């Protein structure tokens, strides 16, 4: 595209043109940068709350009702915290590394489509690859940060972290390929559309790929049980050991953004993106009412909790939250209720419906995925580094390669029998079962391989 | 697209910088990095011409070059690691033996 | 216009960081600068509408090869290397080589300007207007005309894999 | 430049500027650092560091990274194949496509098995 | 690694000799918490010194206190009355559960499981509440006196203990669901830090660590003290002596302690709680070595009396100190990540190691 | 050497400050079965101690075990006695390792529970190194003592019981007794450069290595 700007008039027109063309993505961009830190903060809060619930305690309760203002307090605290740069650190790189980390994570969001309407990089051809590729650059933030600190723990943590990232990136890439076999395109919107057309989410067609991606994505975001880089019992805080205050919070932001990114990728590829569950089954369309009802229920709960709040401020806050939920519910309800009242507006409302409800379902699925992450974190102990590497290289990678080929074979067979949509399950399920058999075979081989020689030597201590 | 000469000049500049790096630097890692720069310069040319002629063959070639660069980096760095382990140095002028 | 701005921006970043890369003493800084140069090149690719190559450059070159470089830099002891002189004696040779190369190409351009039609035809050719440069096109070409090189590439990768491991593994 | 990327570029500038700007802004908000001495030393569990941290680490990190690069290249070749695969299948060339990829992967799988045998994929 | 490191459970410094990631040798540097407890003992009277032993293994103060009181009683040749002995047994067993719970929580945390810690603390809290009700202190209880008890058991002690024991049964199952069959947990602990029976004995290792190596030896059975001879319980032993076995042994020990408590509260004899000891303790000259089975192993007191009101010499054989010695043996040939698991599995308290 | 078989018999008791006495020991209740061969076997509960106010509880000891021991080592056994039902052997310093090996291998005292020392500054051999050993097979303890003067070295038993390693280091740390043949004899609890041996009786409880404290902690006093 070449805009030749000659006169002022032209320039003005060009600017107008520009804004008209790009207002939505730009708005998205500004919004993302402005509210993502907040979202990340609230994810942390939710995580702490869930963790507390699972661990029989209350979690943050002090700042705001039920700790609802905790993230803001945390942000303010981190912002005004003393900034420590170790003496013999490489100052420039120390400064650059967290910025790189956050930048990569945030930038990769650009390729995602949160519902059919909201996407920064509209319809780029490389779509999902953009997301994956850019977010993979976050590794530099980690490794350079570890190096710049000039501390054993940092560097060791950084190397481990990046070794872990690269190990699982291959497996994730292969899982991606399996899904791409089904979509036949890289474009994010087309991927979701393909699932809409088939009427079935790819998680059902390629369950093994989804599983592989799930494990790999946990490892890639350094979450338990793969949180080796931050294994505080071993490496203190990994590559972040020397980072404090705001720099540290940047890393944290990057980490949580990455969680959102991998969850979004999984949602897009496997969980039908912004599609409502069973989007093509007409008699299930009452599910359209689920979002507003759900949000309304939350609002009602908040209202119910108001009398229990100890202070007036907290009561007001609770009411405000309820009001927010109420408004959201209304917004969600309008596109589904209006056509019923007045069928003629159906056409006019359709884009709103698609955008708003798409966004809701997308965020809902992403949340479920992230909740899964948290659940695993509170339940499982941590892998040892060699076990983690072995799981990646000996199990996930061969499994995912085999799965790619099996999905390929299944597609050929499916085409031979002219199978479509749910019918494809007839061929992909045997493929998945075969892949599972392969998985168990690999595990069995591993187990035989695993029999480590007895570690204890004979007692050489009776010297006398 | 700008006239092809722009891309040729950019490519040339990167190429020459790469060559200077290869010839002057003693640290073998930097030498290897300079080689990557040279390969990159070549890629710019390929893609530019691909665009010029509307033929993706150039891009396919660039793809192969990148794959090749990966292979080269892997082996080259492997040699450096092996060398470093034996000689405790990464300096080019000390690599004067064919066998150690 | 925008095209021009972008080109000059990316080209400037690429050349600048390339120059800095070969002159830095600190290898890690060199590597960061090379990453910048490669990213700028990726930008040039994008500007040339080679989307797929843009992302390949980022994933493979920046996210793969450069990671490998950085790992190696961290694996070999940097400080020993830092204390030694970083620039070899062939400084003048290098300059000579560079000048010769530049001169040669410059001559080429010069001569082609001098004798239009007999020099490089590409300088006057207009860019193709149809846009083949998306992933599917590249893929079609790769698995159409270049299927054999593609298969051979796997051999190359195999050799690289084995070679690197043999090199790096401890000899016992 | 494809027009779809213009917002991306602007967004990229935005996201790179965001942490950088906040980092600079935070400088004005927070109190000046008065740290000295041990607080500015890298964390070593309370014992002065015995050696520069930028020492040497296990060569396995290199092997992992190297294998990653190789497999990454492989993935990069697989992806264009994957997006065309549906079309081939529809055009009844699926088997040919599959075989060509099996060949490609097969050669690499040989390498993988060799590595497996060699124990290069073992961390410990 | 250390002395300020999240997983060393205090200020322990471990120097590791590594071959890549593999440990080929280690050296523990201790003493950061040394307070000269033994020297203090020589300058205090027998009664005055009793609270000090609580500060050694501060997570199992009741057990340390019991050992000291019994040692001095042995030196005085008196015995605590039966009622006192039963109450001592109950509290000591509760303390064993508490100590093991703390161990389990921190050990699991070291291996990366966050949640068991909180569950363990929840139950430990109940035990500490019982202690608090009994003697007003939760951690450094100073629960016993030389010759018996200072405080009569409070009214609802039996009920409290019973309720705790009832709840605790299902709670252990809860921990076990989280860990015992967990693949990652097994992967991290099985075959890690193996200590053979011969090695364990050679290193003088005692307590659960020794039993996990397959040596069925428990001072409660071998040389019964307090009221242990009245109760039925099993001594769990391991087979391979790895970290997983030590985990299993401790889990089973908690179950057994629970059983002992249940048996003990059924019949607490009535009678005096203080034996016949004078206001001023002046043990006849001589020496005594008395050991009891603390949660972490054999805690022994070697006390020499010269006939005055102050001990001439008190030497404490702390189980953590001795057990930590076997660390080097356990850790060799393992990966750095296992070091954490192994430190955790020994169950040391640095206050006791360093004294 | 079961407790029951101990038969108190007056033997010369040249122990230093503790007056020897011929008072019979407390009545020996059947504390343990004679042959507690399996350590797991729960021994019979000890009967409550007889409420006899004892005055002096150290008596010379001469039972079958001591006889056997004396036959093997002769003069190396300086003294055998019993204190509160616990057999104590005082043996010659030079032959300690030999005796230890014998005890471990032939008498099955396979575990060294505890190793420590006591300082008696007024005696001519001021240090008493005390080893408490335990036999799983017999389920009983034995206390072994060697005497050492200020500059005399004590042979290390690390080769016999590896657990002695840290315990000997601790004794060295606290008393300054040198163990010859110890693989790594250095301070363990106190800093390596610390001057003085705190558990000696002439080391006051408030005393410290002021120079070290000042230099390394930057404070005048740790008190």
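Each chain carries a letter (A, B, C, D, E and F) given by its place in the written order, and its residues are counted from 1.
What we mean here is this: a residue touches a chain if its C-beta (ideal position, glycine included) is under 8 Å from a C-beta of that chain, and two chains touch if they have at least 3 such contacts.
These numbers were taken from a predicted model, which means no experiment stands behind them.
Asks: Counting hops between chains that touch, how far apart are chain C and chain E?
Replies: So the least number of steps between the two chains is 2.
Asks: Is the C-beta contact count larger for B-D or for A-C?
Replies: A-C
Asks: Greatest Cα-centroid separation from chain C: which chain?
Replies: If we average the C-alpha coordinates per chain, F ends up farthest from chain C.
Asks: Please identify the chain with the largest separation between its CA centroid and the CA centroid of chain B.
Replies: Looking at centroid distances, F is the chain farthest away.
Asks: How big is the gap, in whole Å, between where the Cα atoms of chain A centre and where those of chain D centre?
Replies: 17
Asks: State, to the nearest whole Å, the distance from the C-alpha centre of chain B to the C-alpha centre of chain E.
Replies: 64
Asks: Roughly how far is chain C from chain D, going centre to centre by Cα mean, in whole Å?
Replies: Each chain reduced to its C-alpha mean, chain C and chain D end up 19 Å apart.
Asks: How many Å are there between the centre of chain B and the centre of chain C, using C-alpha atoms for each centre?
Replies: Those two chain centres are 6 Å apart.
Asks: Which positions in chain D are in touch with at least two other chains?
Replies: Counting only residues that touch two or more other chains, chain D contributes 1-2, 5-6, 45, 52, 54, 57-62, 65-70, 72-73, 76-77, 79, 83-84, 97, 105, 123-124.
Asks: Among the residues of chain C, pick out those that touch two or more other chains and give their numbers.
Replies: As it turns out, chain C has residues touching two or more other chains at 2-3, 49, 51-52, 56, 59-60, 63-65, 67-68, 71-72, 74-77, 135, 138, 140, 142, 153, 157, 160-161, 164-165, 168, 170.
Asks: What positions in chain F touch 2 or more of the other chains?
Replies: Residues 162 of chain F each touch two or more of the other chains.
Asks: Once bound in the complex, which stretches of chain D touch chain C?
Replies: So the residues of chain D touching chain C come out as 1-2, 5-6, 9, 52, 54-59, 61-63, 65-70, 72-74, 76-77, 79-81, 83-84, 97, 100, 103-105, 107-108, 110-111, 114-115, 118, 120.
Asks: Name, in rising order, each residue of chain A that touches chain E in their complex.
Replies: Within the complex, chain A touches chain E at residues 51, 54-57, 224-225, 227-228, 231-234, 236, 377-387, 452, 454-457, 459, 461-462.
Asks: With touch defined as at the start, can you tell me which chain C residues reach chain A in the complex?
Replies: My answer: residues 1-3, 26, 28-29, 32, 35, 51-52, 54-55, 58-59, 62-63, 66-67, 70-71, 74, 134-135.
Asks: Sort out for me which residues of chain C touch chain B in the complex.
Replies: Chain C residues touching chain B: 3-4, 7, 11, 14-15, 18-19, 21-22, 27, 30-31, 34, 37-38, 41, 44-45, 48-50, 52-53, 56-57, 60-61, 64-65, 68-69, 72-73, 75-77, 80-81, 84-88, 90-91, 93-95, 97-98, 101-102, 105, 109, 122-123, 125, 127-133, 137-138, 140-142, 145-146, 149, 153, 156-157, 159-161, 163-168, 170.
Asks: Report the residues of chain E in contact with chain A in the complex, numbered from low to high.
Replies: Touching chain A from chain E are residues 5-7, 21, 108-115, 117-119, 122, 178-179, 182, 184-185, 187-188, 191-192, 194-196, 198-199, 202-203, 329, 332-340.
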